[in-house]
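Look at the two complexes coming up: chain A is in both, with chain B in one and chain C in the other.
Entry: the complex of A and B
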């Protein structure tokens, strides 16, 4: 006979299955354990709450946000903002001393030197011809690389978004180069393209005959664009694929019911709805394109001549690899690149805002 | 309470012991030696330095072997920041002079002067500076290697002593055509390497006041010839046109593969040829061909060991370099590393290089024999503190002329302007 502990009244013998009874008891224990955990947590939270309440009283609720931001601010300040500020100071100094205090102040001379040109379209007319060659190389490279890469990424994403066989496998295949180190990518393609490389061996075998790709300025540039597209396409394909999958299916069903052609569906539905993702891809690819250095440096070393020397390599060579080390000139050039990158970001923000505002 | 007291007593005792031991540990000097190898130099130094450590209890030397690029790019920044090693093996001999420790107060200056003679100037960074700043550990001389087997197969005689660059170019082309070897000639992509031939074409490199000018009629004449040889296929384009900036590129692998008839490089390649060519083909060193100006000059060079003024242990650092400069130690290192000695005593006595083939022994003798042909301008260039800037300018501008970005005249005009800008910094 079971007894109700609260009322003392007898209760009928339970005919519930034994498993249900154990489960109920386990539930009770779990609830009580959860209760203990919650109590402990709230005790800890109260401990933390005390100093923060005191801080809040001292600073006010608005200023308290700065306390939470402080660790990140310190890290960013030390490793991002401080170097940018120092870079600004270096850009206004001359000589080849490393320490700022040993460097003479020369004002805007480095900027003047970089921008001294009779005709900006002709590097030979500029005092710093190597800088302007690098600028134009970078401009061409970014235009071609971004254009081709975004086009191919979109095409690949569209194909991978369809119900095709081994879709998962192909998605991995296109993403795989992104996982490789840029130097590895460069070395792989160098082995393929060098005089006695894999491609020439194949061309010789077919009877077409090989070609020394990397000492021809135009071919070296073209292969540099190709290599960069090959290495980074997977990343942007993935972003665009995510964008495509976020487009509601019912819009396409409505288009099908209206008998819209595939092209019309693509231009009137897919592209407009994909445009926010496309914008992100474009801006990221542009910024990454301007920053291109490691893979091309390992691939061609910037040659032949200056055919594949881009702006970051110019900065590296002026500031670190050459003699004398022109830290000031390199800093000024890097500030000019930063200006371009900021400009690109502002354009992105402007277009974004325009889209949001309709 | 007792526990707390005994723990406190133990801590205090430990602290006292630590303080008491501090002077003993402070007397131990640890020297850091930043070293790079062309072959096995750092390994041999590490071995030899063990004897120095045995003879100098309390001094330990850590040999940090680094890539050559670290010596060129990282070491100057470390030194400027006051974070450099105590000792290093360097190639920018005069360019880093401001950081060097003057060894003169710590060593027998007479012995050093007698043993190292003119190479001491290379470390002084200017005619106005005196003192002993570094030990030239490996003397190098630029010169040409030729594939004698290809000449034999082609039935072309090797041009004799006094042959000019044009003679060698014609002979190498003939051998290449007869044997199918892809490249008749190659010169390392280096401003240092083309300086010797340029001097043989009449380049003075400095004006009468001793100021660097780099480009003159002689220099331009060689550059024009060099570019022409690239255009007509005499010189392998891959070496100079296959790179950008001032990046160094050699053609040793092409020579080792038997693809190259005539390879202009330097004595530091002998060890590599000895190890990698083996009996694949016969090769020999022919020194530096002559130019229209009558000179047959190569370039001297090499590396040296220096101590830095910021070291905590100047006496110990100087003692270590002095130990390495002693004739017996220097001779042993030269023999084991198969480098030409800059030590006049060692050079005079001759070096029996270890583990070298007869071809390598003959090559090293050939390089040593070409030393008297080196023009004074070449020695001056090697000792000039701004030579790295001049080498870099040469490589960048000549490469642009080779690939057709600039004409030779434009490239030389740019080189003049670059030098002027570099000297003003």
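Entry: the complex of A and C
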């Protein structure tokens, strides 16, 4: 390594990451040596070592892996796998008791109730019209939000991938809203969009004229899409940017040699080579979009009326917010959402595998 | 490295027809315009929030709003209690003077000249303009601590974030160590199991999770928020991916020196994985600080509320009192904004490495 740096600037770039990571690791080890809190921590860790050593003698090194896995698997079992099974039991029982033994078995009644519709496209013809409104709202929302968001994320990533001054700054700017909590995001935009807010002041000033945005069902819905794109697009921009930067440079060099036009290079090289990342981003955005709740709940509360009530809010309100608490109905609806999510995740895994296979 | 390579790619592609001598191509103009519009769109709402949070309730009611927070200047008058607002007179016989208003009766204001407080003047209210200066209404913030249990909410949020992050790091790092550095039967099965949990987000198991947390006596307890989310598939994968790159020879050498497996984990693997652990820690802090739906279900008593819950419930109660609400919003986003400012480089790498997988 030392000789490399001495031989000069011929190829310093290729060795930089290795040097940097070694230095970073050395530094973290050095830093971790000091600090009183860490001394206390290492005392605790030495205490944990005693039972671990005993287990190591009993089980041997390779079986010790299970001991390392145990806490994680326990948590997964208790808070992910057990619940998904219990969800089935809840969906098949009625009443408003939490304890399963107090709940009467009612078979598929909850599902029947949810799916009793004359026409699935028209929520008014359904017994649980709110559920179907939520389903259709979510469908529309996800379609619009994912489409617009991925489009803008791709555009932003392409621009950030050019030779831009202060790229780090611009990247952080687009990423910044991702960190804000959903409630904060909702309040920021509520404050801007209110009747006497800054947006209406601007529109009045230009002569277009302000509007009471969140009272109007269509506008409220449009703004939830906007707010959601605003809050999350930085995340997908970052992933797409990483994908763009992973495309090998020599492919472009070859294209330049062949005098390929910019547009042709984009459609024949960039897009195909980016498509694995694009698909991952799409599925990820869909999975998150279906689960949209926090920011919209704090923003419009699902209103006006049920214009922005999405499926998770329906589950929350049936199961927890109202009285009686219809846990069965909420669980049945949850299972339907879970079905959609499992499907999407399987698609994602299938895409990944297909990409690996070529 | 990927960075430099990437910088060349699209650049070369899009500048195939670019003129010489370093002039900006039209595509550069479009790019920079887009980015600057982006800066405005992403930052202005937050800047507006912060500026608004320093306005008095009266200033917030003003329409159209001013950019900076203004307050009317008030003066004390000799021989009288209290503060009196200053006005500039724009018409009538006293035009050009600056007067203090004693009281207003209908359309007429009773005013005095502060330099000559004994002479009462009657001014038509259409002839006066308030004298204002830029001043921050810090009382919006101090009021939060006096009127609400703000520190309690802050503590709850901090406690949940710190405890959950530490627990998650430990549990996930142990699992990632087992999955990256041991050969044992069932490893593939465990990996599949971890992938399986990706499909079961909290949002689809709310009801049974509620039962389990209730049965464990953690309802309305901060632990009920901390523990159920402590094991995350993302965390396991992120750390495992990094730990795989640590050479096995280091472990073998340590085993030769009779180091126990726990010691290898704690003294070698954890320090060497510090960059990945840092990334996961930042993500965990972000997730937990901003968490909303699950705390909303578990924490029903207001003394257990996190900042997010408090903020949401206050927006119902304080609908007409934006000054407190905005100040509280700023205080809620402040810690995350600080974390972001200092660690944004790590956050970027973290997202890029977890999201892509």
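FYI, the second predicted complex is superposed on the first by the 279 of 358 C-alpha atoms of A that agree within 3 Å, B and C clash if a C-alpha of one lies under 4 Å from a C-alpha of the other, contacts with A are read in each partner's own complex, and residues count from 1 in each chain.
Here is the rule we use: a residue touches a chain if its C-beta (ideal position, glycine included) is under 8 Å from a C-beta of that chain, and two chains touch if they have at least 3 such contacts.
These numbers come from a predicted model, not from an experiment.
**Q** Who does A:274 touch here: chain B (first), chain C (second), both, or neither?
**A** Neither: A:274 stays clear of chain B and chain C.
**Q** Could you tell me if A:92 is touching chain B, chain C, both of them or neither one (first, second, both, neither)?
**A** A:92 contacts neither chain B nor chain C.
**Q** For A:320 in the superposed arrangement: first (chain B), second (chain C), both or neither?
**A** It touches chain B and chain C both.
**Q** Where does A:134 make contact in the superposed view: on chain B (first), on chain C (second), on both, or on neither?
**A** A:134 sits against neither chain B nor chain C.
**Q** Which partner does A:215 reach: the first (chain B), the second (chain C), both, or neither?
**A** Only chain B is touched by A:215; chain C is not.
**Q** Determine, under the contact definition given at the top, whether A:225 touches first (chain B), second (chain C), both, or neither.
**A** Neither partner.
**Q** Considering only the touch criterion stated at the top, classify A:309 as touching first (chain B), second (chain C), both, or neither.
**A** Once the two structures are laid over each other on A, A:309 reaches chain B alone.
**Q** In the superposed arrangement, does chain B or chain C reach more residues of chain A?
**A** Ranking chain B and chain C by residues of chain A touched puts C first.
**Q** After superposition on the shared chain, which partner residues are touched by A:72: those of chain B (first), chain C (second), both, or neither?
**A** Once the two structures are laid over each other on A, A:72 reaches chain C alone.
**Q** Go through chain A and flag every residue that touches chain B in one model and chain C in the other.
**A** Touching chain B in the first complex and chain C in the second, residues 98-99, 320 of chain A appear in both lists.
**Q** For chain B, which residues are in contact with chain A within the complex?
**A** Spelled out, the residues of chain B in touch with chain A are 73, 76-77, 80-81, 92, 95, 237-238, 241-247, 386, 388-389, 391-392, 396, 399-400, 402-406, 410, 414, 417, 422, 425.
**Q** Okay, in this complex, where on chain A does chain B touch?
**A** 94-99, 124, 127, 129-130, 133, 195, 212, 214-215, 217, 300-309, 313, 317, 320-326
**Q** Along chain C, where are the residues that touch chain A in the complex?
**A** Residue positions touching the partner: 1-14, 16-17, 27-28, 31-32, 34-35, 38-39, 41-43, 45-46, 48-49, 52, 61, 63-65, 170-172, 174-175, 177-179, 182-184, 187, 190, 193-201, 203-212, 214, 227-231, 236, 255, 260-263, 265-266, 271-272, 274-275, 286, 289-290, 292-293, 296-297, 308, 311-312, 315, 322, 325-326, 329, 332-333, 336-337, 339-340, 344-345, 347-348, 351-353, 355-356.
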